[in-house]
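As structure tokens, here come the structures.
Below, chain A partners chain B and then partners chain C, in two separate complexes.
On to the complex of A and B.
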């Protein structure tokens, strides 16, 4: 399998303390552990089980994902920040891998 | 159609119809001026699914009563339809190539291998790049598509060897296939998909399927990135289901929600810049925004969007009743830009042209289209519809589409149906 690729979309301009939309997605097959492959062999469970966003090192949102979540999980949420800083995004895989991405937020 | 002198209620079509119904003596006396000078002349520009079909049907059905010239620069035609299957390894290159030889030998069509570069609508003649000109009573333009300059910043035709479009079949298709096969292990193939409207709506996504099919075997850690300005695309549910089934984790599509509508390319660095963020790629297949083939604009019959509006009953240009426009270049309404559509339109056009020039009977046209796509081995899907001519547009009357979750047997049957269609349409164009 190709390496999962995370992607984050932030608005062009962000104002201090004004909520903005964060869109996130990671490519991942999200194998439920219930499906069989074309040879009839059960495909073992492998999902992104946890997604965490931190702002300047402080956890802003944590999402627990379940096997019913479809492939390439997409998470969108609103947040506000008081000043410029760094947003860190982390996706935790069943196999122990952690995929991360950080975005510098510049407040206008 | 205007009335001659603005006085008589008898226009040319009615005149011909009544002439055909009259006695032989009267009809001979009342033949229109163009016929008096000899056989009426039809010039067809573009030897694809629209032009080759129209030329063949006019020549065949008029049984020599109409002089047909087909202008096409290429000596061999490589079909865009099924060119993705060549990329995927399901067809060899020779099997999508066709010759114009039988059109001359079997139907007496004058095949001229040259570029049409000008149209004098008043004199009714077409200028050729080689210097000659061809007079016509009816001109049929079926020039396909050209690309819109500047639609993908950083890309122009001078970059097509570094970042191929492969959206006109031939050497570009061979180049893209060679580049995909030469990708480094774990490398990235990127497609910059076009905005609507464009040739073959499912085409880019069938190509993705075929690229994935090749890479899954030869380079399974390779990645496929689609940068797409469109929120949705043709047969999306079917393709996404198939991609998950056959190529899980390999394909990522970046739509406008993640900046797919704000893309530029840097051919020298082999970079794709999505919403300001540069990504290094190994193959970059840029399919730019499209418009009617250039000769349509040169003839002055295109609109602001770059397409040629037509009269749905006859495929005549809205701007010039002596010119018909077929296929991708036309703006006709609900039909997708496809080889099947162009072939269907060409038959209606051929009937209308013969009716106008020889008085043969005409009937309300019926149009149809089906677009097959191959997602993986024996996994074919299709979408199609029937259409009728209204005063406003070619309007869809009913349609059908493959369903998600279909059985492997049905998908295989759908694929085999597409093979039959390919043999039939290429026979309809070239035999």
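On to the complex of A and C.
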């Protein structure tokens, strides 16, 4: 499997305490553990089971994911921040890997 | 003693009620009710207060967009009654994120999706939506 590639989209300009949309996605097959490959062999479960976003170290949102979440899990939410800071995104894989991304937020 | 007319009516009324309630439940063989009870601690769930924004019909069961909003919620969980497993996702909202989220999910067949919100006062709210998919997403 190709290395999962996380992506996050933020608006160009962010104002203090004004909600903005955060769009997140990571490339990942999200193997449900229910499917068989072309040889009829069960593909073991391997999913992103947890997604955590923090802002300056404070947890903003956590999402627990089950195999019913689509491949390349997409999560979108709103948030508002009082001041500039760093948004940290972490995706936790069944295999123990953690994929991270951080984004600097400059409040206008 | 022979049953009175009233007994018969009461019996048939409860039979109808019994038939109505499990009609949805009978279809759900994936344990969705137990899963929801685990999330709520078997607390009563009230209708209203949760917006579950999902298509009534969608061509690709592999990526069905679902949006949930529940003003005043601290957690929102999504469940399904037609996939092998009933859980979908649980959102925990911190101080900076209003209780609203969008996610794309897999539906193996046409079925009902449930959104259960845990409100800040510890009560639970629920919304559900039947979604028809033309191509299942777990094949």
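In the analysis below, the second predicted complex is superposed on the first by the 108 of 108 C-alpha atoms of A that agree within 3 Å, B and C clash if a C-alpha of one lies under 4 Å from a C-alpha of the other, contacts with A are read in each partner's own complex, and residues count from 1 in each chain.
Just so it is clear, a contact is a pair of C-beta atoms (placed from the backbone, for glycine too) under 8 Å apart; a residue touches a chain by one contact, two chains touch by 3 or more.
Remember, predicted model here, so these are calculated numbers, not experimental data.
**Student:** One more residue to check, A:61. First (chain B), second (chain C), both or neither?
**Tutor:** second
**Student:** After the superposition on A, what does A:34 contact: first (chain B), second (chain C), both or neither?
**Tutor:** Touch partner of A:34: chain C, not chain B.
**Student:** Which holds for A:105: it touches chain B only (first), chain C only (second), both, or neither?
**Tutor:** neither
**Student:** Specify the partner with more touching residues on chain A, choosing between chain B and chain C.
**Tutor:** Greater contact footprint in residues on chain A: C.
**Student:** Between chain B and chain C, whom does A:47 touch in the aligned arrangement: first, second, both, or neither?
**Tutor:** neither
**Student:** Could you say whether A:9 touches chain B, chain C, both of them, or neither, answering first, second, both or neither?
**Tutor:** A:9 sits against chain B, while chain C stays out of touch.
**Student:** Of the partners chain B and chain C, which touch A:71 in the superposed model: first, second, both, neither?
**Tutor:** Touch partners of A:71: chain B and chain C.
**Student:** When the two structures are overlaid on chain A, which partner does A:80 contact: first (chain B), second (chain C), both, or neither?
**Tutor:** The second partner, chain C, only.
**Student:** Do chain B and chain C touch any of the same residues on chain A, and if so, which?
**Tutor:** Common to the two interfaces on chain A: residues 71.
**Student:** Considering the complex alone, what residue numbers of chain A touch chain B?
**Tutor:** That would be residues 1-5, 7, 9, 23, 25, 27-29, 71-72 of chain A.
**Student:** Give the list of chain C residues in touch with chain A in this complex.
**Tutor:** Chain C residues touching chain A: 62-64, 80, 83-85, 87-98, 100-107, 137-139.
**Student:** Residue numbers of chain B touching chain A in their complex, please.
**Tutor:** 186, 221-223, 244, 248-252, 254, 257-259, 275
**Student:** Would you pull the chain A residues touching chain C in the complex into a rising list?
**Tutor:** 19, 32, 34-35, 53, 55, 58-71, 73-81
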